[in-house]
Amino acid sequence: MDVRELIARRISREFKDGMLVNLGVGIPTLIPNFLPPGVSVWLESENGIIGFNGIAPKGEEYPFFIDASKAFTTIRPGGCIIDSTLSFGVIRGGHLDCTVLGALQVDEEGNLANWIVPGGRLAGMGGAMDLVTGAKKVIIATEHCSKDGKSKILKKCTFPLTGIKVVDIIVTDMAYIEVTDKGLVLKEVAPGVSVQDVVAKTEASLIIPPNVPEMNLN
Amino acid sequence: MDVRELIARRISREFKDGMLVNLGVGIPTLIPNFLPPGVSVWLESENGIIGFNGIAPKGEEYPFFIDASKAFTTIRPGGCIIDSTLSFGVIRGGHLDCTVLGALQVDEEGNLANWIVPGGRLAGMGGAMDLVTGAKKVIIATEHCSKDGKSKILKKCTFPLTGIKVVDIIVTDMAYIEVTDKGLVLKEVAPGVSVQDVVAKTEASLIIPPNVPEMNLN
Amino acid sequence: MSSKLKSVREAVEMIPDGASILINGFYQQGAPEDIINEILAQKKKDLTLYNNDAGEEFVGLGKLIYAGLVKKLVCSWCGLNPLLPKLVEQGKIELELNPQGTFVERIRAGGYGLGGILTPTGLGTIVEEKGWGKRVNLGGKDMLYHEPIRADFCILEAYEADWVGNLIFRRTQRCFGPAMATAADVVIASVNTPIQPIGALEPDHIMVPGQLVDVLVQRR
Amino acid sequence: MSSKLKSVREAVEMIPDGASILINGFYQQGAPEDIINEILAQKKKDLTLYNNDAGEEFVGLGKLIYAGLVKKLVCSWCGLNPLLPKLVEQGKIELELNPQGTFVERIRAGGYGLGGILTPTGLGTIVEEKGWGKRVNLGGKDMLYHEPIRADFCILEAYEADWVGNLIFRRTQRCFGPAMATAADVVIASVNTPIQPIGALEPDHIMVPGQLVDVLVQRR
């Protein structure tokens, strides 16, 4: 299974029917494809949509309707349009059941760095800082290691932070990790991955329960 | 001429076409009756109306539409409904060209007391504190003296205040007074009233210009 | 998605004694008279209420005050409730007065996840003297800081709703509704017209997103 | 009432060099491309702009940045404008980054007469480090205080308008528009559809009261 699909599939199991969620760019946008039957969620877009419905079919693009990724979109029956103040009221006010975002680094305290690489191209934080501060549950969807093989799960983030002590769950191609007051708890491993593999590829300390089951991806 | 009509007539001359204004209960509500031809203003109601149109005709009361005085109302073509946050955003944000309110006491610094008499029945300030803080121009419409003959225009207010240094203009049955940094300036007297009459009935010090014309009420 | 529809009795049974409740309404408009009557019938006690006014003896939340069910009230105006000042004097009810713009902005701050509000309104008045707002100097200006307001419940009336819980108000029924609906753990809406199928409401016209609304009561 | 209608040329002639301008838009949506093009044509200089993003080389306010007309930009994201970071490095433009929710709330605070905002967003991040927000402790909680934003002008696009200046947006054209329209001395709206007679718009559906709008431009 494709690494990105694996991560998206595992996270899709966290969603309950009727939840209001915001999905970041990249892996998170794949999640709706893998929701179990009977589970549908309301997708929030920072620019003021509750219930957007994916990319508009060719020829049906409406000129005044885009999502936060600049793609022409449509709205699900029962969705609504809100202005930016309410959009961020919903986000910051704890009305968002869950946000799923990518990471550059995440650490033992649940600190997250995901908006800029030092010396990298300046882009700005957009809505990410509000999302991680306000959402009821912050799930990080990321490959376990960066392209040069280094762990993205660190004792302490070194890149500029997006938020302090904000992350609840980290799902990677190797592991499902929960952030707790005592530290990072390894709750599940990916199929074919051992606890030792995860420990070897993780810079952060991991709390290892006696029994670490394999992820359920169905 | 009725005292209340006199005050309302004089204040109506302050209004320019297209202004957005909020009128308190009592004398201020009479003002629209005396607007010169070609001058119409948008009336704001704290509960979220811009452009309300007086009391609804008998039999045309709409159950979901009242003004801030609890009377069934209607809306002028071009008016709109806003929620309470925007209603007070308009008020506090300086978008209201003028508010006209009654007074219990007003003083040399432009302080206003108009919401509670000490020992009197508790009612609450409602929207009055926001109105006097936010409106571009605060005009006080009041009889010059209270029923027991005491001046309402004092050196220093003694009743609980509605706002500090908020009043711009005071219009009474005796005088048109402007609040300036230097004190209260007697700008006009009512027909048949002398400068000496006004001074005699005013506890506050008044600055008297060389020429104090009579109010124009037409 | 399970239905949000409850009877008014079931809806009010969710409210425990001691609950805090945001009640929409400017006078009785926007206020859900059916839900208020049911709170009275079920004799919910020790309530903390947030409403612009204090109702009247036989109107709105005034009925709850006259019945002795209210422990604390935050409002901007109480001129039509002559019993309230007496109860305050007797120490039987705690009253906090907020300027109306401060009142609604505090509720919005609670619902929008903000740390409170900063307003020039009320400086040098009873609002500051009583400590309801605290003078701070920020950005070179004196302001009153007020904490955000959140409550356990919000009850309000809406003209239209769909099964998602999306709400549309008519005219001045709207007032405090959009702000209050963001600031409570449980939002209960009493709907004037028959609840509509999902997709029937124009997305641009919805005033409270249904995801913020927990319970719908069909107004009779 | 005199007409608020102006040609786009007349409207932009009102804007002096050195003006501060709120520009609605999430990417190009909600942004009045006709007004932006005219600002470019009239070469308004030393502008301070407030927009969610920084546009692109040939899109939106990006054109003004590429033309060297912008002195300062406050935005939340600038990922599609590769020139901007270079101009910042060279000291040719001042850039302030605000979290998107902070950005819009500051503008609303400016327009609503509030003394600034208090938000938990950005604590311990670059927002605090750079001094864009200031840590304060109020109500027992650490927050970032940000000053309100107001500007000389606001420019935006609206789908419908009437001769009063009442505005209605369609779908995500709305975004920052309702907040921005409250926070400028002069509000200029470029209207997509023919301006409608007074009374043609349903009062409950109006999103910006016409009394806040100063100039209407008929979009071609």
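Order of writing sets the labels: A, B, C and D. Residues in every chain begin at 1.
The criterion applied here is as follows: a contact is a pair of C-beta atoms (placed from the backbone, for glycine too) under 8 Å apart; a residue touches a chain by one contact, two chains touch by 3 or more.
Everything quoted here is computed from the prediction, not taken from an experiment.
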| task | Go through the assembly and pull out the chains touching subunit B as well as subunit C. | result | D
| query | If you walk touching chains, what's the least steps from subunit A to subunit B? | reply | 2
| query | Whole-Å distance, subunit B centre to subunit D centre, using C-alpha means? | reply | 34
| note | Taking each chain's mean CA coordinate, subunit C and subunit D are separated, in whole Å, by 32
| task | State, to the nearest whole Å, the distance from the C-alpha centre of subunit A to the C-alpha centre of subunit D. | result | 30
| message | Give the residues of subunit C touching no fewer than two other chains, as numbers and ranges. | response | 105, 108, 112-114, 119-120, 169-171, 174, 203-204
| task | Spell out, as numbers or ranges, the residues of subunit A touching 2 or more other chains. | result | 75, 81-82, 85, 88, 91-92, 133-134
| remark: Chain pairs that touch, by label, are A-C, A-D, B-C, B-D, C-D
| task | Would you mind writing out the residues of subunit D in touch with subunit A in their complex? | result | 26-27, 29, 52-53, 75-79, 82, 84-85, 88, 95, 97, 99-102, 104-105, 108, 119-127, 159, 169-179, 207
| query | Quick one: in the complex, what on subunit C touches subunit A? | reply | 1, 108, 110-114, 162-164, 166, 182-183, 198-199, 201, 203-204, 206, 209-212
| query | Which of the residues in subunit A end up touching subunit C in this complex? | reply | 17-18, 20, 40, 42, 50-51, 75, 77-82, 85-86, 88-95, 133-134
| subunit D residues touching subunit C - in the complex, by the definition given at the top | 105, 109, 112-120, 134, 136, 138-139, 141, 143, 145, 147-148, 168-171, 174, 203-205
| query | Where on subunit B does subunit C make contact in their complex? | reply | 45-49, 62, 64-68, 70, 75, 81-85, 87-88, 91-92, 121-130, 133-134, 160-164
